Amino acid sequence: MKAFVYVGIGKSAVEDRPKPEIQAPGDAIVKMVKTTICGTDLHILKGDLATCAPGRILGHEGVGVIDSVGAGVTSFHSGDRVLISCISSCGKCDYCRRGMYSHCSTGGWILGNEIDGTQAEFVRTPHADTSLYPIPAGADEDALVMLSDILPTGFECGVLNGKVSPGSSVAIVGSGPVGLAALLTAQFYSPAQIIMVDLDDNRLAVARKFGATETVNSKDGKAAEVVMRLTGGRGVDAAIEAVGVAATFQLCQDIVAPGGVLANVGVHGQKVELHMERLWSQNISITTRLVDTVSTPMLLKTVQSKKIDPTRLITHRFKLSQIQEAYATFASAAETKALKVIIEA
Amino acid sequence: MKAFVYVGIGKSAVEDRPKPEIQAPGDAIVKMVKTTICGTDLHILKGDLATCAPGRILGHEGVGVIDSVGAGVTSFHSGDRVLISCISSCGKCDYCRRGMYSHCSTGGWILGNEIDGTQAEFVRTPHADTSLYPIPAGADEDALVMLSDILPTGFECGVLNGKVSPGSSVAIVGSGPVGLAALLTAQFYSPAQIIMVDLDDNRLAVARKFGATETVNSKDGKAAEVVMRLTGGRGVDAAIEAVGVAATFQLCQDIVAPGGVLANVGVHGQKVELHMERLWSQNISITTRLVDTVSTPMLLKTVQSKKIDPTRLITHRFKLSQIQEAYATFASAAETKALKVIIEA
Amino acid sequence: MKAFVYVGIGKSAVEDRPKPEIQAPGDAIVKMVKTTICGTDLHILKGDLATCAPGRILGHEGVGVIDSVGAGVTSFHSGDRVLISCISSCGKCDYCRRGMYSHCSTGGWILGNEIDGTQAEFVRTPHADTSLYPIPAGADEDALVMLSDILPTGFECGVLNGKVSPGSSVAIVGSGPVGLAALLTAQFYSPAQIIMVDLDDNRLAVARKFGATETVNSKDGKAAEVVMRLTGGRGVDAAIEAVGVAATFQLCQDIVAPGGVLANVGVHGQKVELHMERLWSQNISITTRLVDTVSTPMLLKTVQSKKIDPTRLITHRFKLSQIQEAYATFASAAETKALKVIIEA
Amino acid sequence: MKAFVYVGIGKSAVEDRPKPEIQAPGDAIVKMVKTTICGTDLHILKGDLATCAPGRILGHEGVGVIDSVGAGVTSFHSGDRVLISCISSCGKCDYCRRGMYSHCSTGGWILGNEIDGTQAEFVRTPHADTSLYPIPAGADEDALVMLSDILPTGFECGVLNGKVSPGSSVAIVGSGPVGLAALLTAQFYSPAQIIMVDLDDNRLAVARKFGATETVNSKDGKAAEVVMRLTGGRGVDAAIEAVGVAATFQLCQDIVAPGGVLANVGVHGQKVELHMERLWSQNISITTRLVDTVSTPMLLKTVQSKKIDPTRLITHRFKLSQIQEAYATFASAAETKALKVIIEA
């Protein structure tokens, strides 16, 4: 089968690979229908992730059709259409029991990282019963691809951890796909203010269309000042960090109100400074989280009942045969204005 | 009246001062019966707190008897015995309504800091109705002095924020008075393990008497290793920082389990490093808090029902006339083995 | 001054009364600008409320202007425009500290019940600092009249107690003003389904305009069946009872899903049957609540940020001189299609 | 193999049955080591449970050794010592994902009810990976038998649902095994008062030994009065119903304080009266629950760390060959003073 492979730092290739096979009783083999590219995939290609070895088929998102299942799988059968979660969860270990699938002792984020992923014609998914979701009849499968990772990530790490609530004030620092996913899902809770911060005016324009009440271009280094002014000097109840660098983490520290939450979503490669000399008495929380995808059933209901339209995140479409072009488009988002791309089998 | 006054950096004096007077309708004048000294008082004497100007009468803890009240005070009358909270709370502002008395718009920690405090024969307490608590008949007033600050601080900032729960594992880094207050109140929730970490073997011995299940002297720089071993490699569900320096904050980062809480209690004078490159995916919370004393009514009930004995924290007793000696004893805790001292009128 | 007075069972009158005076340091005298009529006022007129004696000026809702304040009032001054909460809260007692203003030891629902109310030219409001709310500049005062009682009642007793959440299913039994207030505020949380049940087709038509996803006329006795069918046989996550009689309480028991909440809002005059022989194993909660109005500051923010438009509940307008006509209109809602009426000074 | 069988209303027998066999990939066959008898088993023998057909092997509690496992079982192997949960949980369905194992779509309370149970030499346990728990080395297996049902039932349905907290007041109505299990586990949270109510003075004496702060014999019909007096007229924060009849449910309604919880544990056979005409405004919750055993891992930790000693509930011991005698003893608790009995293979 065709598969998109991380060959080595800065190198990728579409390769012919054997179709994957059932290895454990809980496995399923899924024929891919649609997949997408994540910012993390770009990190892998740059060599930033030690867990992902050269030779790996990338991709941890998508929808597909069950090809075959192992002896222990009871919820799915050949021919079932399924949503693939980016997180594999055994449903049995202590972490899974507590809803912390991201730290599953035999799962977590392994697809397209520690084992082969979804940017291929077929994928093997471990713990299928608790890592795949049946696709409701009539569902928009493009929308569901957004439920593999981007939407639960923005929602769980940003909105739920940030305790966004009716009438509250929220700032989301970073208006890329995951920041926009937080913006869309924050609106489930009717906050009074959602201030989006970014360096790219196009992305801020998108944010306004997606429901931001105010936008701030942080280019001039005065974003903290502006957010404080927009909140009457109090700061925000939830400062959602959706970039992953020291400067944006600092900005979030500067704008979080007493009693508020700094909810980190961004993937950080470096340590940051934490101003405990000021924050120790501010009654704040700082939260971190690798998405657990524990909210997937709930997000499915919000999509099915049209409370949210995740297809608004989709800007480009490609065939699997065009995946190198898809990567190029996604990697040059500033020029292409790409958010999420759909890659069809 | 006699009062203990911060004169300037490194200088204090017992001075004669006029008896305070009612300034606002919500004020009470309280004749002090017992007070104590807090670690923060030592910080003030060193000049560490910009908010506290020379000339200030120190002290934010104690019990006393109502001398007189302003026109708006409805809950207290002359002659009532009261517990003085270290936090003044108006009960009306947005923060007070949310239970965040520490950030009261006209209160917070002002006693012995922005206004004159309790280490004197009399003190003026603003917002008396919502900042004083009636002393139940027959209560042990020594125990109640511990409820002004040290017990709610350890409990709210450490135990409540740390979500200590039955069967959980806790490490408390710092076995001084506030760490021990966290240790005593953590036992309300029956955790399976409470590991105390300190540099001082005497304090660790006290901790064992107070209910620590294990103690670790961190002198050799291997505390993180030991805590990880004691928790089967998982780390602790709650890492309570009760010192306030970079090294102990770092230790807490090293030992908090995925899904756990780093609950900061210590007063920090410097920024710290936060290892987001490792923690971003660990599903942890870091919490900060200036005590709100919102738990005071509940703590009173636990003292009255003998679920806790806060007098175990009291090591020395002085008269107000001996307050300089009391400070000397408290400041040399390593030698004197002082925890909390009682200063009687 | 002119005042609407409960004279005795079935009897009311507009009477001339002396302007009220400050009686306690926490009191304010408010010149009424707008008020409204509550279903509870009709109950009083029928003689259903033993707490309300003949001679009482009715009314517990409205906005006005501060005329004068007692010596202990610090937040308001003569000339301030204020929203009057239906609940008087001292902010000091144990219940108020816990946010349960409805059970304030010297307050609760006393206005227009145990003391004279707001359907008059002036009203005395006890505990003014913690029972009145400043009206933001430019606010729509009609909207704010809905925040005295109806909106927080639907929200706190129905939506908050019912734990309405994104993607969940809700049934609201009773599509009168308070049911509709629950319907409007339930949408803060983006549930997938809100099924409204009533006997009156007009009110169900209103409900659809206000955001109900489905409506059920329960006239034929088959409402439970229909709700079960609409929820795929599972029942609803939240069954909100907004009537207060045995039949509607029974219906809620029949449609609440395992793990769900039966949130009672209705005022009951009789005991009901509870089918514990079936419900004991269903993991449900039944909640009751007299509105605390603890959510008023938050509701104000949602109104100011246009997340909700409470003026949609207003169907009729009268002058205070026409208050008997206003009562007649409100009491004949089936014919007049009245929901909430505004009565202007 | 020998097995204790429900033969028909009022009739039971020890019968010879074939050893059970693996039927599904998730099954395990467990050789029983110890089991016990539950009050529900007595109900079955009386014919009260329509779900349990004659011919059924009873028993849903116990510890044993894995004999064999199905192809899908990954956590257990032949020879492993295991605790058997009374609730079978697939870990995959919507209810299991939400921690509501009691309503598992293919499990729940089926052992010794809808399928053959543990009062036999062997038992087949479905969903073994998520319904059995490994027994830690050195654990007291008698104690663990109490973790199959009685302890999680008292804890989850009574203590957790009742929101027992430090300093709070609790009444437990019913001092049988499950009421005593609630009493033992309530102490995890250090309430100020635990008042036990029963008709049997022996059981009240046991309750005092187990930590009750006060006991009330309700024989004279004045229990409500006494509880109100013991709580200063306020009532209790948590009223835990551990009997399951109308009179005790009524008593709980009479003693629950405003803002409190009536946590039902008892199995009810009849509807009850609910005094909504009084309770509608009392801000209470009434909760029901079939035990989910979601707390089993946590309870295991509290037993291993000696925060609780569940063997205090064990009064008698029998061999499996004496099971009829065990039933007779357990059924005549008033005379035999039996609480829980251990039945060894």
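Per-chain residue numbering starts at 1, and chain names A, B, C and D are given in the order in which the chains are listed.
We take it that a residue touches a chain if its C-beta (ideal position, glycine included) is under 8 Å from a C-beta of that chain, and two chains touch if they have at least 3 such contacts.
Bear in mind the structure is a predicted one, so any value in this text is a computation, not a measurement.
Here the chain-to-chain distance from chain A to chain C, counted in touching steps, is 1. Comparing the chain pairs C-D and A-D, the larger number of C-beta pairs in contact belongs to C-D. Centre to centre, using the average C-alpha position, chain A and chain D are separated by 42 Å.
Listed for chain B are residues 297, each touching two or more other chains.
Residues of chain B touching chain D in their complex: 165-168, 187-190, 192-193, 213, 297-302, 304-305, 307-308.
Those residues of chain D that touch chain A in the complex are listed here as 24-26, 70-75, 90-92, 94, 96-97, 99, 129-130, 294, 297.
By the touch criterion stated above, chain B contacts chain A in their complex at residues 95, 98, 100, 102-103, 244, 249, 258-259, 264, 266-277, 279-290, 292.
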